[in-house]
Structures are given as structure tokens and as C-alpha cells.
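Quick notes on the structure that follows.
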């Protein structure tokens, strides 16, 4: 089995893809900066921030980190643990709401 | 990367391929270098670290009764007589994305065995990273100058300073480590270690351009984390 | 290597590898295994004493190093538990102990046993030794990193033990290290002690991450030809899943520890609300102590399974080998391990039912917690069903397995009390909890460790441990430990709270005095009984009966190495090729009652083997 | 001796211990009898499983211990059996979980007529506050706590002025009157726990936690701290006295309210000022002399 097969040469992608993604990242960053610039508030602000954030993160992961071209076996392993994070976030939102409620109720307003 | 060729193994696409890869012998990630697989798992673990930081930040920010300072104002720069919100942060984001792009190209040229191009691009990435760290140092000193400390904060809730210095500090440490490795890898690339298959210092593995991709993964991850920090800390 | 594959239909050929009965194709067809994907691993062979035995890159040596160091810290933990039991059972004899000492011992005992003993022993010790052997690799994939992993652990232990000698002594905050008390005066070791504890944990996590990456990539990417995931012994499955849990759970501990250190050293207020201490308001404000508890248990609950899953895996193999029968429902076992591992990230706050968190969490966590009971129960059923119609060798290894089943079933079922939110309310923070977790993640995994030591010692040292001594060791440990923890549940029913330095002035716990004395005596005996093992090992190394190849007639790969004990590189010239799962015991039609994983189908053509 | 016999004796011993144990829970003195029944139910279910599994194991090692000429059965799995076992286990788990969740629902939903009791914990002691005539407790802040305001009541909160302050670690409760325990801590975690009431909850600094119960047996009970809180944890005791309505009303009418305290403080302050004045006078005299 000595020195059998080495990945002979990994095929690479055209430079255009990288430049495109690069450009898109700049544009998206610019957009998210604009969210602050125009001082959008409330739900609109938050949803825009999240939208641009996930788009950017998705582009980086999919193309710069090559996940788009990787086999699902790898992608699958990487994405499942995120459910635990999701659960953690979800519960901590409920938790901080509860904390801030008790603080507000028992230390400030009362009644 | 597109499917590698493996003797005696026919790749199936999509989810069928996933089941096939998972059920096969020898490797689960077909054609994925050990080091690359390791880096992915490491990044997964690191994701949990940063997630825990950000979740703590969310919990901390959400449960304080004192007002959270408006990051847009705190991080504004005074340029030409006007306060430009988040200017420095915008430039830092720009720099980091630029370096991420150069890194992606370096990986590509590395696999194409274009040593010169690859080396220069890594060097460019390293310089980008260094710029980022420098600007972060400037930002820190500006805030410290204004009286923000890990334990106190003149603009509002104490936790603002604590979380700011901790999270950006931890991210900055990642960037700095990355920069050190980028310089080392640039040196190794120019020296041709990856063409010759020279063994590394602490490993019996032979040098291979896949190492550039591994470092690239780390670097993109640092960029990725910044995307989240930018959104949650500076914009929210 | 026999690369005699005529048809190159690739994966097709492998999956249609019908074994026996079918009679389709030639012998070489039947035996065909896909050629190697991965090039041979280059290994660094040590040539001096230091590179061979100290800064060694051989996973087997590192495994033994982990094992010895973890055992050493474990013995310290054991001594601490003796001191605690002395105080609880015979306070007048423990006059030298102050409350500070007691709480420091409680804390260090807990932390040492959970993290530095059990985790390090199962993953660092058994993981390093067994994973490469069982999956047919020459070594871990990153030997250098593996070595650094051990030495980080070494430094972590050093820092941990150093805290005994700093001013103020080690931390006495309880192993959960809850702030605010962990870093406030009024708790022993609130200055240097807790700082060193956090540093030590960070070092441990860093070292463990290096090791853990090795275990994962070795299992995922460096298996030998023919070794599919579903042909791995359950030991590997257990350690593998536990390592995944560790990689994802330790970050939360790291973050929690780091933030608490900042609170302690820099005066940040992550976990510190406004606090009035000795009539003065401290500089803290606005933080949330519950956040630490969430972070801690987001780590802490998977940690329980980090200890339990390797034990599950190892016990499955031991039971199977020594009852000469395949493990019942292998697939179910694998899915149970994976399922338990996955679910363990969604149950953490069942440790916090009465912590003052959002009360509605109780519904969510009680439900998820009790769901975990189902796969766990399936595992238990499968263990006892493996015994059913087996051919059970009642040797020492099997005794440990049986001891495990009894203690684990007992401890697992009391988990149903504590996981069910309503029942937990009266029982939490009482001795019921102590009894439960000692039974289920103290004694039960210990039974597995001991069984594994008796089982694999012939491989590691080439000699059998003495059976008679082993039986004494087992019965003293099992009966002693059971009589410590079984009655202890009932102290919890009375309502005796845990972490009480002394408690005898409460009228309704006066009857507990006698029980405490009994428990303490039993604890002294059980601890002392471990000396038998040490004596046994020393004796065996000198005059033990040589074991030779495959002394237990087992199937898995670690027993087919060309030399016993295996050398660096494990396999000599050629890597083994795997043709079957490791549980082909007592196959109808086979000459022997076992068929090793490397036996090609053509050699056992007339048997009716399960296709795996 | 065959190991099976010893294992059998261990199981038998466990069973007998459970039946004849003198160590069992204290007589319940609150409305949480449901918790006890859930425990009893859990005991039945888990006890049966424990005995069944262990006896099966013992049977196996008697019946199937090693014989050279016997071969074990080769049966990798049995889908049907596994399905049945999964189903049975799931049913058992549901049987345990359902009552658990139902009682938890009662536990977190406090009845409207519950009397709020503010339990304030510190290292290492307790003190209590009851609402005054307005039936409401005033808001508090740790930062307000000082000798004149031992409970840290916000002075501008009108509800706080008539609060009944009990600066003792023993509190009296009225029999059959639900109480909502509001827990707060000024320093570290604590837990106000009376074993006879079954219920408990941590006191966490920075927030207020709660639970409720209805004492239904007149008597004196000991309060224990059930969350580790530093060196004095084991000594952090308090007391509860459950009384009939008349006795309770008598008791509460003798207690001091915050208004009383403020008035008293004013008097003392007045006296103190006098003393301070005198002292200063004397001091000045002395320094004057020295110079």
C-alpha cells in the first residue's frame, strides 16, 4: 500500500467566482453599514442586520471555505451541532427576559 | 472542491452520497486531508466558544436595567468636523474582508502550484491582518482614553466595557495568532517547502499546499466571527 | 497487501460483499476489500529513553501516561473523600478539620474525580490506547499534538495540585464553582485558589482539545481497509461520541471560567450583581449569576455523558466477549450512544430546577431529560439480553460487568427521580443527589474501568492479572460501594442537605448519625480495597501468567497485533484488513466460537454470518 | 459461592432495606402531597424495573454460565423485541412525566390569595418582611441597605412604608394560608428550605425568585440553607412556626413596621446627634489643649 494515491491535483475554481464573492461581501458590508447610517430602528433594523449577517456568513462559508463544493458528509457533521447553539440562544432569550422582568418588577416598579 | 478521484470508489451525489460516504470504510470525509478535517472540527469547537461568548453577551445585555450605550455613538470617529458613526469599524470590516479575499485566492494559486503568486497573496493577507490588529489597538486605546474599562463604563451599563474588551480581545487574539502563522506560511511558501514536500517542524507529515487551505479555513473563520461581532456588537 | 481485486466496480463490489451461503464468485471476489485510500503514515520512532518513554509520540505510551497520571490524581481524590467521610462519620476524630478544609476537600474531590480522573482516564487513557488499535491505524493521526496534549494535562494537574500550597488554599466553592460565592470572601480559596482552578481547567481544555481532535480524526479518517463505522467496536463508538461531546461542551466551561476569572481579577461584572458584603456595597453590579450556571451545565451535563458513554461502550465489548455472544442489537446500541450524546446538549438545566431560572424551563427540561431515559434503558436491556443464552465466563472481568449493570441500573433509575422536575424539588441539594450521581457516574464507570483493566492488562503488559486477588478486589469494592450509596439515598429522603460540614443539631436527622458512621466505615474499606489492585499489578508484572496472543478469544483488532504488547506502529509490515463486525461469537458452523475481524469470508465459508 | 447468589442477596437486601428502613421522609406539613405521591409512583415504577432487570441478570448467570461444550446463541438482534421494549419504556416514562409536569404547573402558578413573604438571605442568616395593611410589599434595592434600612426598601415606594419587618431568623406563618415566598439575596446564592414543606428554591442575588406552599400542620420547623453559600453554609439555619389564625394575628400585630422603624431611627438619630455634638465638643477641647 506504499504511497498509493495522493490527491493528484485538486481542481481549482475560476478566479471569477472568488472575485464575485469578494465583491458581494463588500456590497453586503456596505449595506449593513448603511443600516446604521440611516438609523433604521426596531424590527426593521434587526431583521436587516440579521439578513446581511447571515448572507455574508453564508457566502464566506460556502465559497471561501469551500463548503459549497464539499461533500454533504462534511457539511452535515458541521451543521448539526448548531441546533444545540440554537436551543441555547432560544432559552437564553427567555432567560434574560425573565431576569429583566424580575429586576424591573421587584426592584423598580413594584405593586 | 470537486470530488476527488478514489480508486474503487464511485461517488454518489447529494444525500445519497452522504449516506454512502458515512457508511464506507477508511474515511468518512472522502479525499479530505487529515489536517483539513482537524481544522474543521477545531473550528466547530471554536464556534461553540464564540457562541458562548455571544450568548453570554446577549444575556448580559438583555438583563441589565441600566441603558446600554449606543454603539453607533460610542464608536463614532470625529472626522472633518462631523461625527461619522462606526467609521473605524467599517474600515476594519473592509480590511478583514479584503484579507479574506486575498487568502481565498492564495489557496487557489497554491493548489495551482503558483508559488510566487501564492506567497505574495499570503503576505498581503498577513499585512491585512496586521492592519486590523493595529486598528483594533487604536480603537481600544480610544475607548480607554474615554474612560471605558472592563469594570466600568461612563456611557451606561458596566457590562458594555466588559463584553467589549473580552469578545474583541478574544477575536483579536485569534487574528494575531493567524497573522503569526500567515507570516510563517508565507516564508515556507517562498522557500518552496510545499513544492518539495518538506516536513514541518513538529510533524512527520510532508509539506503540501493543502496546508494553505487549512490556514485559509482558520482565517476565513476569523472573518466569519467578525461578521457576527460586527452585527451583534456594533450594529444591534 | 493482497490487492487481488479483479473487478473494479468500486463501492458496488464492497457493498455486495456477500459472505457465505451465496456462493457467487470466486474466493478472491468474496474477500475483496477496496484498496487503501490513505497513504501510509510516517511515524517518528523515539530512539532515546526520553523520546521513547517521556516525550513519546506513541499513542499507546501516551495512553498509559494518561492512565497513570489520572490514577494518581484519582488517588488524591480518594484520600480527600476519606477525610470528608471521617468528618461526616466521626467528627470528634476529625478535630483537625475546619469547615474551610472540609469545603476545600469537597471541591477538589469533585473536580478531580469528574474531570481529572474519569474524563482523562476514559478519553486520554483508554481512548489513546484503544482507538488506533481498534480501528486499525498505526497511531493517532497527529502524534506530536497527542504528546503535547498529555503534557498540557500534566501541567494542568500540576497547577491544580499547586493550589493546595498557595495562601488561602484551594478553592472551596464546590465543584460547580458557582459565582458569586466562588470569588467572594467567605468561601475558602476565593483568591488564588479559584484562580488556579480556572487556569488549570483552561489548560486541561486546551490539552484535551488537542487530544480530542486526534481521536476524532483517527476514527473518522484513518480507519483501516474494510473498517466501516458500523464495524467499529462499541468501545470506539463510546469514546468517539464522548469526544465529540467534549469538543462541543468544554468551550462553555472555558468561557464560563474565563469570565469568572475576569470577574475575579479585573473586577468585571459578568456574573456579579450588586453585592453587599460585610456592610459594604462592592464595586460589582448588574451581572447574572444564573448565566454562569447555564454555561457550567451546558458543559456539565454533556460532561456526565463524556464519562458515561465510554463506559457504555467498553462494557458492551466486555460483556460480549465474556459471554461469548454478540452484543444484542448492535445498531440499536450505536444509535443509542449517538442519540444520548445528541440529546445531552438539550437537557442541561435539569440541574437547575430550583436555581431560580425561568420557571417555565422546568417543562422543557423535564421532558427532554426523561426522553433520554429511553435510549439509556434500551442499552441496559441490550446488555442483559446479551447475557441471555450466552455462554458466560464468570471471571473477574464479567463480575465487574455485572457489578456495573446493578449499580448503573440503580443509579440510572434514581436519575428518573431527579430528572422529573416535581420529584426533584424536594430531593435536589440533598444526599439523594450525592447518592445518585456517585452510583451512576462514580461507581458504575469505576466498575467499567476496573473491568477494562482486568480485560486489557494482558494486552498492555502481556500477563494475566491474578484472578483470586481480582475477586477479592471486586467483592470488596462492589459490596462496599453499594452499601455506601444505596442507603445514602434515604438520607436524602429525610431531607439532609448536601455540603454540610456537620448537621447533627437538627432534631429530625439525629437518626442519620448511625448511618453516617456506617457509610464512613464502608468508604474506608472500599478505598483500602483498591490497594489490592495495585498489589495485583505489581505482582503480575513480576510473576504473572503470560497471556500470549488473544487470551480472551476476542474478535476486535487490538488482539490480532503481531506482537503482544503491540509495538509502535501496531501492525508490523501490513495493516490489517477488516471483513466483519467485532461480534462474531459462537457463529453456527464455525470451528471456534469466535471469528476475528480480520478473518476473510473465504476461511469461514460454511458459516451463517450476519452481514455487517 | 456462585456469584449469582451474592447478586441475588444484594437485590433482596435492597428491597428489604427499602421496606424496613427507619430513614424515610419526614411527615409532610404542606400542600405538596402531590410531590410525595409522584415519588411513590416513581418508586413503584423504577423499583419494579430494577428488580426485574437485576433478577433477569441473575437468572442469566445461573442458567448460562460457561460450559465448554455449549455454544451461545447467535442472534444479532430482534427487531420486534426491541420495538416492544422501546414502547414499554416510553409508556413508563410518560407515566412518570405526566404527573410530574402537572404538579410543576401548580408549583409555578401561585394562587391569587397567597400571602407574599419576602425572605432576605445573606451570609449567613435570614430575615423576613411581610406586607402591611395594603397587602403589598415595597420594592427594594441592595444598595439602599444600611443600619436605618435593613431591608433596603426604596424610600420613595409608598407600598414599602407599612411593611412588617422581622429582623429574626424565625418567622411565623398562618396555618392553611398559602404563602408566596419571594427570595432575594444580598450576596451569594442561598436556598430557603424546610424539609417538611418539600418545596425549595434558590435565592439569587440580583433577581427575585419565588415559590409557594400552604402550610397545613401547626408546629415549629427548622429552615435549612440548601444551596452552598460559603463556609457558614451548614450553620445557616432559621425557623418557621406555623400557627393558628388567632396566634398568628397576635404575633403579627406585635411586629414592627418600616414606619415604626423610621420613627425610632429618628429618635435615635436625634439622641446620636446630641452625643456626637458632645463628643466633638470634648474632642475639640482636647485638641485645643494639645495645641
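Every chain is named by a letter (A, B, C and D) in the order it is written, and numbering of its residues begins at 1.
Just so it is clear, a residue touches a chain if its C-beta (ideal position, glycine included) is under 8 Å from a C-beta of that chain, and two chains touch if they have at least 3 such contacts.
Note that the structure is a prediction, hence the values are computed from the model and not measured.
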item	value
Chains most often in contact, by C-beta pairs	C-D
Distance from the mean Cα position of subunit D to that of subunit A, given in whole angstrom	42
Gap in Å, rounded to a whole number, between the CA centres of subunit D and subunit B	47
Whole-Å gap between the CA centroids of subunit A and subunit C	34
Subunit C and subunit D: spacing of chain centres that average the CA atoms, whole Å	33
For subunit A, residues contacting two or more additional chains	4-5, 81, 88, 92, 95-97, 99, 103, 107-108
Per-residue overlap in subunit D, given as positions that touch at least 2 other chains	141, 206-207, 209
Multi-partner residues of subunit C (each touching 2 or more other chains)	35-37, 248, 286-288, 290-291, 294, 298, 360
Chain-level touch network, classified as line, ring, star, complete or other	other
Each pair of chains that touches, named by its two labels	A-B, A-C, A-D, B-C, C-D
Subunit A residues touching subunit B - in the complex, by the definition given at the top	4-5, 7-13, 15, 18-19, 21-22, 25-26, 29, 32-33, 35-37, 39, 45-46, 49-50, 52-53, 56-57, 60-61, 63-66, 69-74, 76-78, 81-82, 85, 88-89, 92-93, 95-97, 99-100, 103-104, 107-108
Contact set on subunit B toward subunit A in their complex	1-7, 11, 14-15, 17-18, 21-22, 28-33, 37, 40, 44, 47-48, 51-52, 55, 58-59, 61-65, 72, 85-86, 90, 93-94, 97, 100-101, 103-105, 108, 111-112, 210, 213, 216-217, 220-221, 223-224, 227-228, 230-231, 234-236
Residues of subunit A touching subunit D in the complex	99, 102-103, 105-111
Subunit A-touching residues of subunit D, taken from the complex the two chains share	136-141, 154, 157, 159-160, 182, 184, 206-209
Of subunit D, residues touching subunit C in the complex	2-3, 6-7, 10-11, 14, 17, 21-26, 32, 34-35, 38-39, 42, 45-46, 49-50, 53-54, 56-57, 60-61, 64-67, 70-78, 81-82, 85-86, 89-90, 93, 96-97, 99-101, 103-105, 107-108, 122-123, 141-143, 145, 183, 186-189, 191, 193, 195-196, 198-207, 209, 222, 224-234, 237
